[in-house]
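Two complexes follow with chain A in common, the first pairing it with chain B and the second with chain C.
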Partner chain A sequence: MSIELNHISCSYPGGAQESVTVFDDFSLHIADGEFIGIMGHTGCGKTTLLQLMAGLIAPSGGEVLINGEDINKAGYDRSILRRSVGIVFQYPEYQLFETTVEKDVAFGLKHSGLSRAEVRERVIWALTLMGFSYENIRTRSPLTLSGGEKRRVAIAGVLAVKPDILMFDEPIAGLDPQNRTAFLELAAQLNRQGTTVIIVSHNADALAESVCRLIVMDRGRTVMDGTPNSVFADPVRMQELHLGVSTPRAIADMLAKRGIPIAPDIIRYEELLLELRMNLKAR
Partner chain B sequence: MNTMPSGQYITGTSMLHRLDARGKLICMFVLLTAVILTSTLWGYIFIIAVTAALMLFSALPAAALFTPLRRLWLFFTVIFLMNALFFDGNAPLCSWWIFHITAAGLSQGAQVVLRVLLVVLLSNILTCTTRPMELTGALESLLKPLKLFRIPVEDIAMILSVAIQFIPTLSEEADMIKKAQTARGARFESRRLTDKAASVAPLVVPIFLSAFRRADELSMAMEARGYRNAGSRTKKDRHALHLPDYLALTASMMICAASVFIF
Partner chain C sequence: MCMISGTGIRFAYEADGRLKRVLRDLDIQIQRGEFAVVLGANGSGKSTLVKHFNALLPLQKGELTVAGINAAGRSDIWRLRRVCGMVFQNPDNQFVSSVVEEDVAFGLENYEVPREQIPDRVRKALRLVGMEGYENRSPHSLSGGQKQRVALAGVLALEPDIVILDEVTAMLDPQGRQEVLESVRRLHEQEKKTVVMITHYIEEAVLADRVFLLGDGVLQACGTPREILTDPQLLDKAGLTPPLPVKIYYDLYKTGIRLDRIPLTNEELVEELCQLN
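Right after this comes the complex of A and B.
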């Protein structure tokens, strides 16, 4: 499903204090099936952007189109939106509330009209995808799980709905390396199956390894938008935005300073290795 | 956050902001006494004028003071009607079944509404111009005499101040949890009773859990930093009452006396 934000303006009411403007005339188009990373300094509006796209907050101006339909128009069926857009917030483990893992994962399917067998199938699918054995975990209370397990159960709860668009807000912050790799593989797999995936993260390495399009935001505006290779090719600009580039890119820059030229669009370890090998051969 | 909690401290440098919290707290109680003891028209006009003057002195945006009143409209209506319809009095203006509308009833209803209104406004002025921390500190020092009766005033003050400090954090977290559950298909917006009932657990359970988790973490952090409830604690800021504070106290006493004895 495609997402289109046209001339969005959005501000948080500050009560008696001055309100804070997050977006003013912001536009963004995301095509069906894209794999997108969003980077930006804290407070640049990343989370607000996700919430706008998920229809959790309404813009004060402009329109949000999901699959060509204005989701804030009167008469729009919100339940369609809930089924087509899944969002995993920064600490998804805090949203668990049911008495068993199975019930919690099935929560989003309550109003889906699926039969019990179908719901069960979805729950098995989602839990297996998140690396659980359904039989072992289904009757456990979410509260007895470890932090990492809770997070995976919560993500399973979002996946079970099989949304066409999946958004993750800082999904890998605080994950151990193994879980991080597993998560990125999962996101890539879902994207290959046709899901539009959007990941908000500060982790340049993870984004470099996974996404196809990287959007860099600063104070409510898109300042860079392109392949990760083209975005990370400008480390100076990234520094100005208080953001880092991927580690391989940083290594490449260090090598370049020591007289080993490496193409500016090298951002992944594989690419760096290949380039170095070519360099050696050329000598 | 769509709704800002009302009555929250608003940064400012007005005369009222600068007064000592202890003084302000006493002034407020004195003024509240005046509100309750007054019963004449001129008395009310006088106190309304005083309240209006305080609002001006506080330099607060009117919205901050009046929004909480808007939420109370139902309460005001019910109070007024209860008094107006059921007040026992002679010479009803009109009667129907068990309802008798009397002039005394109407006036009684109007007075009660006006009093509650003034109480809410005055306490709003206090909480909007005083930091919660200052307020609990003031409460602690004013309640100190209760220690004679073995009431743990300091602990109570600490509990209060911690609770107040965590309100913004918890309300932010509640907002996030609400959004997360909405995205998963919880129907908070629905007006249907079954949906409303079904959407209680997804919201309340995580909020409770997070409140307990935060309390746990905080108690550990406090212990790690050597907090003990034994012995008396010293204060980071010690303030003496200054001339303006005494003036404010005198003024509010005079206002109270005037509203009771003159009007």
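Right after this comes the complex of A and C.
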């Protein structure tokens, strides 16, 4: 499903102080089936953007279209939105609340019209995708899980609904390397099957390895938008924005500064390794 | 001298009528003034372990002495928490006040530090983390890195011997991470605090005096960052991957390209590669 934000303005009431404007005439188009990463300094509006796209907040001006339909228009059937857009928040412990993992993962399917057997099948599917053994985890209380396990259960709960658009706010924070890799592979797999995937993250390495389009935001504006290779090709600009480039990119830059000839568009581990091999063998 | 000394620490809880063992007779010793980094896969017991150090979790079995205090003794619990402070992952839910300086003073008031001493202690703590000038700000108006440094100041105001950091950089952007790590380095090097830091960023472990590798509820290994981080088999067994420069070293090695030594940091890797030139 496609997402279109047209001329959005959005601000938060500031209490006694002035209100804070997050967006003023902000537009963004995301086509059906894209795999997108969003980076930006704390406070640039990333989380607000996700909330707008998921219809959790309404803009004060402009429109949010999902599949061409204005989701904030009177008469729009919001149940479509809830089924088609899944969002995993920054702190998964905030979205776990049921007494068992099974109930928690099944919660989003409550009014889906699925039979009990179908719901159970979905729960097993989602938990297995997130690397759990259904039998071992299903009766555990979410509160007894470790930080990384909570995050994976929260993701399973959103996957179970099989939304067309998946949004993740900082999904790999607190995950160990194997779970990090597994999550990114899963996101890529769901994307290949047609899901539009949007990942907000500070982790340049993870975004370099996964997404096809990288959007960099600063103070409510899009300041860079392109392939990860093109965005990370400008480390100086990224530094100005207080953001990092991927580690392979950073190493390639350090080598280039030392006079070692190296391709300027390296951003992934395998690319760096291949380049080093060819470079070192040639000598 | 030992700052934290634990033997046979066991922790289990019941889930669905089955006993889930998290720590299995774990032994650990952390020296006074040491910067210890704890690594381990999700669910390996890292957080459970460090929560014993200031009695957030009561000791079920084993022995644990922290700064000379018996962590099993319930009567010493408040003294223990004063000498052993802790900062958590989420920068947003550690604040009790809407003003930075009041938030930092909260612990001091609880411990009935004389009123006239409080402003000085608060100022000193904020200076340590590079947050002087933010006294009257609302914590919620700060960036993630600034919030974590204010949380750290709240702990430092109590002048603890030990500071425990449970994934404090996980939610931060690169700049925020740098700010927090710089504060941590300063309180280790200048203030001589014993620091115990849990992290999933393996490159942060390079900063440690010693790395403690947890797996299956026991200490799998401990040693210098070089000893632990350059051993891919050991890390793999614990469900972790080595830092990128170490990976590069071994992947080049496989194709017959040998660097003189195993680089731990990006800078070391670049040096090694330049020497091949």
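Just so it is clear, the second predicted complex is superposed on the first by the 277 of 283 C-alpha atoms of A that agree within 3 Å, B and C clash if a C-alpha of one lies under 4 Å from a C-alpha of the other, contacts with A are read in each partner's own complex, and residues count from 1 in each chain.
FYI, contacts are C-beta pairs under 8 Å (C-beta built on N, C-alpha and C of every residue); 3 or more make two chains touch, one makes a residue touch a chain.
Keep in mind it's a predicted model, so treat the numbers as computed, not measured.
> What does the overlay on chain A give for chain B and chain C, a clash or a fit?
clash
> For A:31, decide between first (touching chain B), second (touching chain C), both and neither.
neither
> In this superposed model, does chain C or chain B come into contact with more residues of chain A?
The larger set of chain A residues in touch belongs to C.
> Tell me the contact category for A:263 with respect to chain B and chain C: first, second, both or neither.
Neither partner.
> Touch check for A:251: first (chain B), second (chain C), both, or neither?
A:251: touches chain C, not chain B.
> Identify the partner contact of A:80: answer first if only chain B is touched, second if only chain C is, both if each is, neither if none is.
neither
> Could you tell me if A:140 is touching chain B, chain C, both of them or neither one (first, second, both, neither)?
second
> After lining up the shared chain so the two structures overlap, which partner does A:202 touch, if you call chain B first and chain C second: first, second, both or neither?
Touch partner of A:202: chain C, not chain B.
> A:278 in the overlay: touching chain B, chain C, both, or neither? Say first, second, both or neither.
neither
> Pick from 146-154, 200-208, 218-226 or 254-262: which stretch of chain B gets in the way of chain C?
Looking at 146-154, 200-208, 218-226 or 254-262, the stretch of chain B that collides with chain C is 218-226.
> Which residues form the common part of the chain A surface touched by chain B and by chain C?
In chain A, nothing is touched by chain B and also by chain C.
> Can you tell me which positions in chain A touch chain C when the two form their complex?
41-43, 90-91, 139-141, 144-149, 152, 170, 173-179, 202, 204, 242-244, 247-248, 250-251, 254-255, 258, 260, 269, 272-273, 276-277, 280-281, 283
> Under the stated contact criterion, what part of chain B meets chain A in this complex?
Within the complex, chain B contacts chain A at residues 1-2, 4-6, 8, 10-11, 60-61, 63-64, 128, 173, 176-177, 179-187, 189, 198, 201-202, 205-206, 209-210.
> In their complex, what parts of chain A are in touch with chain B?
For this pair, the touching residues of chain A are 12-17, 51, 54, 56, 78-79, 82-83, 85-87, 89, 92, 94-98, 107-112, 143, 157-158, 161.
> For the complex, give me every residue of chain C touching chain A.
13, 15-16, 20, 40-43, 47, 89-90, 92, 143-145, 167, 170-176, 200, 202, 239-241, 244-245, 247-248, 251-252, 255, 257, 266-267, 269-270, 273-274, 276-277
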